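One structure follows; several queries about it will come next.
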Amino acid sequence: MQTVLSIAIDAFAYGMALFIICIGLSLTMGLMRVVNLAHGAFAMIAGYIASYAARDLGLGYAAAIFLAIVGTVVISIPLERLLYRRIYGRPELTQVLMTIGITFCVIGITNYFFGPTLKTIPLPGSLSQPVDVGFKTIAAHRLFVMACGVVVAGGLWYLIEKTDFGIKLRATVDNAAMADALGVRTQVVYAVSFAIAIGLAALGGVVGAEFLPIEPYYALRYMVTFLVVVSVGGAGSIPGAVAACLLLGAVDTTGRYLMPEFGNFFFYAAVIAIVCVFPRGFFGRAQ
Amino acid sequence: MKVSKAILGAAIGALLTGSAMADTIKVGIIGPFSGPFALQGKNFQAGVEAYMALNGKSVKGHDIEVIYRDLPAANPAQSRALAQELVVKEKVQYLGGVYFTPDAMAITPLLKQANTPLVIFNAATSAIMTQSPLVVRTSFTTAQTTSPSGKIATERGVKKVISAVSDYGPGVDAEAAFKKAFEAAGGQVVEAIRMPLNTTDFSPIMQRVRDSGAEAVFAFLPSGPTTLGFVKAYNETGLKQAGIKFFAPGDLTQESDLPALGDGAVGLLTTFHYAVSHDSPENKKFVEAATKAVGGADQLSFPSVGAYDGMHVIYKMIEATDGKQDAQKAVDAVKGLSWTSPRGPVSIDAETRHITENIYLREVVKGPDGKTYNKEIQTFPNQKDPGLATQ
Amino acid sequence: MQVVAQAQRVPAPSSVGNRWLRDAIGLALIVAAGLAGYWLFPDNLALLTRVIAVALLVLSLDLITGYCGVASLGQASLFGAGAYAAGIACVNGVTEPLTLIVIGAVAGAAAGLLMGTIMLRAHGLAQLVLSIAIVQLFHEAANKASAYTGGSDGLAGLTVSPLFGLFEFDLWGQTAYLFGLALLVVVFVVLKFIVSSPFGMLCRGIKQDPIRIRAMGSFVFPVLLKMFVISGAVAGMGGALAAISTQVVGLDSVSFELSANALVMLVLGGLGSLYGALVGTVIFMGFEHIVSAINPFHWMTMVGALLIAVVLAAPGGLSGVLETITRSARRSKGGRP
Amino acid sequence: MSDLFRVEGLTKNFGGLAVSRNISLSMPAGERLALIGPNGAGKTTFVNLVTGQIRPSAGRVVLAGEDVTGLGAVRRVRKGLVRTFQVTRLFSELTPEEHVTLTVLQREGKARRILSRFTGHSDVAGEVEGILSTLGLLDVARRRVGEIAYGQQRLLEIGIALALRPKVLLLDEPAAGVPSSDTPRIEQALERLPPSLAVLMIEHDMDLVFRFARRVVVLAAGEIIFEGLPSEVAADDRVREAYLGNYAHARSVA
């Protein structure tokens, strides 16, 4: 029982870390119809900024997170203007080509400036201690990541379901031309959602760095995982992303506990099974 | 930038002069200069440059010119293509470098026809040496660096160990070598876990370690994010506090990863052939020169010493053949060669052409400057590769 | 030709005749380029042979992506199946190169059958994700079965006997290259027939509108599956060629990275054109080779910039540019490109 | 069993909503039947049910004495139950000639051959030319479909259907979207349809309906409310009611 609980809590923490990073990608893919393979590259940029802020500038963890999010969004704005705008509505494979190109460039440039070594983001003392939660000892930052995940999910749900902006966003997604005709400034909606997606990638990159360490190949190493998780959940769906992250996190974590030698088999077999049963993902919208 | 100049120089040299400059001997180095393992390639380059800085750029009047070729990840087809190009087009007389085993395997069938020896700076699987008599290796094998940990563990009163290795060639080698050595010393491996190579969240593994009831964990993982994740999980899940010991080959605590591992690594016991902190005049000179070449003190790690000694072997080969291309003679000349390397006394085993060297037990400790380093605390002299010795 | 002969009232010129002529010219260009490579870069034949092996992979991907509209990021599973089958056969004593190519083709086709059966259950993004999952599973399986595949150390010790008992696969790689070039030309000709056969038309129809094809009375799944098998055979031959010429098979031959590279090369060259597949492969690998030789540390940035530039400047891929030029030259003739 | 084609009690419910209610009708060989009805009457659903795109909740579809209800769309096409689409579904990169050739080859079971040639079968080419010439498409036979006029594309839709040698042909609004200057060509094509063919046409253009149909069926709210001669339609009370409820179409009926 104790073991089951431990595995469950590990799985939950891992799933939440995945969720924070992937939900931004889910938004871009579901709402803006852009297969943004460079999503991980933005998370990585954020990780580097946070690491630089915390280690070299000596700022605190919270300040580093804030700086990383702002910095990444600022970096993404010219990219959106100059590059992403050209691929909205274009065939998926063209988007793949462009975003892989962006990923390569980001990796190359990061390597040039920061070198090929691992970067860590030092945690504040309160988050780096092991915490005894009764049945096991767990690192405090894992609890922090879980909390972040819940807050992000709740916040996004509120934003999309309960606010004025959410209504405009949903209208734009359903039918951009119609929303435009109704006076919604769809360009602004797109720009804001892109910024939100990048901001979430940045947040995920920083708080998830304890699970997925920051290094120059981060963007490529986890590209597949992110894409798979989003597709399984159904692009654009928050509950879908939550379900996919938790389920795949659980499969992955449990598989690694029970039969680590077949760890990846479990993960990808689960993906195949889910996709065959739910070809549009758990909560994917009909095409 | 130096690399590009070297290549440009080589290309122009080849174009302009051809055979007229017979007194320039070319050495082709293949390594991962870009990609996820770029740091290891940088260390190759640093080792080579350090050797040439300290020992001159010519042997017996023959100028030495090094040509680098980039092979970012294990890719035998590309490896063969690069080796072929170096031999046929650039007319190198010596091949060196090679980080990954399959890449070395792809080059060995070419050597005889190319009349070129291959000096391996890293690729650490025993079997490579049996593929061609023209291969010499100046690095280590995983079995070689791992075996002493068996004895160390029993000496420290550990009877039951759980082994956790990444599920790939070197991991499997390490698992087997440790099991053999540990059981020979009277211990018991209660469980052997093989972990997916691309995992970075190891808390479920730690749960297994805890559940197994072992007194220590033996681990082998590739450097970088995986090692970081593993060591982190070891600390965070409270295994360290619970007194469960940690043994591993030194790949896990290589110097370039230590800053990222931070204080979490303090106390880890690893066995390896080289620590940057090794205390000897040879090493001081080497570290100084290599640090200059690599660009930053915290980027220097073990592949540089493999490359440094590899260049030493190549220099000796050139000396023996006096610039004539004769691979067999060159290899024969270094069989049994012994010298003092930055890592300590070493020799080339005449039988296996693999390096015989000291293996050190090191503990990660915090230095006076607050940085962690590998401190050598015990020496196992003149270790051969057990993987080859049995064959 | 007979259409033309009978339909006297059709005013359009004979595009059929043109097409044959154009294909003949195209083929001659490929052979010429191949031989030019042989004469101009006699010292880089191993690289050029690798380009040919990858070109076969990209061609095979073009069959399902360009002609059937099934995007795949897992095409290397078929390539790897061929490479490992040929490699294992070779280690176990089957050393005749042509036989090894056939073995690779059969293994690739079998893998294609399996992959098609799974992938064709889904569409769009889900399909793409299935392809990724499949290649990762193949990769894991190859790693696990290290007794047969050598795992991450690679399958070494392939000794291929001389081609026709005469030409050795040696250091200089002339045999391997010319053998590969001949294989590529043969495959290309066969594929040219296939894509312009009724079956090829049917596939292109399915790519555009599967509902229309069903209303024409044809099932979609078996047609696509058949193309998957053909694609597998082509990719498998590429894998076998790589195994023969390298004498080592590594896990990289069943990797996601290789699959993704193949897709990038295909999109770069232009989908749905066999020439595009070749152009994309040659340009990408040539660019990569040159840039990484000039500056090993920064080639990735340059390759990334190349990809971005292509999307911005030539949305239809590089062969799309050529096509636009030729089409505008032939606009008045009304022929179909 | 004199009827070539028959549907019996065809019903389809989506959730609780019945979009087709107990539709029965039959057609002998050579029939020219028009199916009309206001928007939302369930005409396209009916076509989809008949051709097998969707499965009925109840009822049967019988073709030449054989129950085809359990067969999928593809098998029904092969049995001779062929449709055209309300919005053209053509391949913009291919020529009309290629469309029809592909269809003929498919009918002959030669379309899945990978090493035979697409062109050069003299019998096929002859048949293709025959079809294109009947429809007056010969002068655009080698143009890409994307470049030819919409009216010609509609004709090509019919040509593809004819190339399948149907027994029963369902024309889903063959003149929809065609400029009025081009409708005569469509009419002409319809007149030339093989006499033995049973044709069911869905159409809004009442002129076309009156000229073409020998019998008219009116569908409203998923039910048949009228079945009879074209001349009687306008006088029927239920039809008037159904259309007047939807004013926009009332005038075209009257």
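Of note:
Order of writing sets the labels: A, B, C and D. Residues in every chain begin at 1.
Note that in this section contacts are C-beta pairs under 8 Å (C-beta built on N, C-alpha and C of every residue); 3 or more make two chains touch, one makes a residue touch a chain.
Remember, it's a predicted structure, so these values are computed and weren't measured experimentally.
The chains in contact with chain A as well as with chain D are C. Nearest to the common centre of all protein CA atoms is the CA centroid of chain C. On a Cα centroid basis, the chain most remote from chain B in this structure is D.
Chain A and chain C have centres, each the mean of its CA atoms, that are 34 Å apart. The geometric centre of chain B is 74 Å away from that of chain D, both derived from CA atoms. Annotation: 41 Å between the Cα-based centres of chain C and chain D. If you average the CA atoms of chain B and of chain C, the two centres end up 37 Å from each other.
Along chain C, residues 144, 297-300 each make contact with two or more other chains. In chain B, the residues touching two or more other chains are 34-35, 38, 167.
The residues of chain A that reach two or more other chains are 111, 261, 264, listed in rising order. Going by the touch rule set out above, the chain pairs that meet are A-B, A-C, B-C, C-D.
Taken together, the chain B residues at the contact with chain C in this complex read 3-4, 7-8, 33-35, 38, 41, 68-70, 73-78, 80-81, 83-85, 87-89, 101-103, 105-106, 108-110, 113-114, 125, 127, 131, 167-170, 172, 197. Taken in their complex, chain A has these residues touching chain C: 29, 35, 83, 86-87, 90, 92-94, 96-98, 100-109, 111-112, 224, 227-228, 231-232, 235, 261-262, 264-265, 268-269, 271-272, 275-276, 279-281, 287. By the touch criterion stated above, chain D contacts chain C in their complex at residues 51, 73-74, 77-78, 82-83, 85, 89-95, 97-98, 102-103, 105-107, 110-122, 125-126, 128-129, 133, 138-139, 141-144, 160, 164.
Within the complex formed with chain A, the residues of chain B that make contact are 34-36, 38-39, 42, 164, 167, 193-196, 198-205, 207-208, 211, 224-225, 228-229, 232, 235-238, 241, 256-257, 259-260, 262, 296, 298-299. The part of chain C that touches chain B in the complex is made up of residues 42-47, 49-50, 53, 143-144, 146, 150-154, 156-157, 159, 170-173, 242, 245-253, 257, 292-300.
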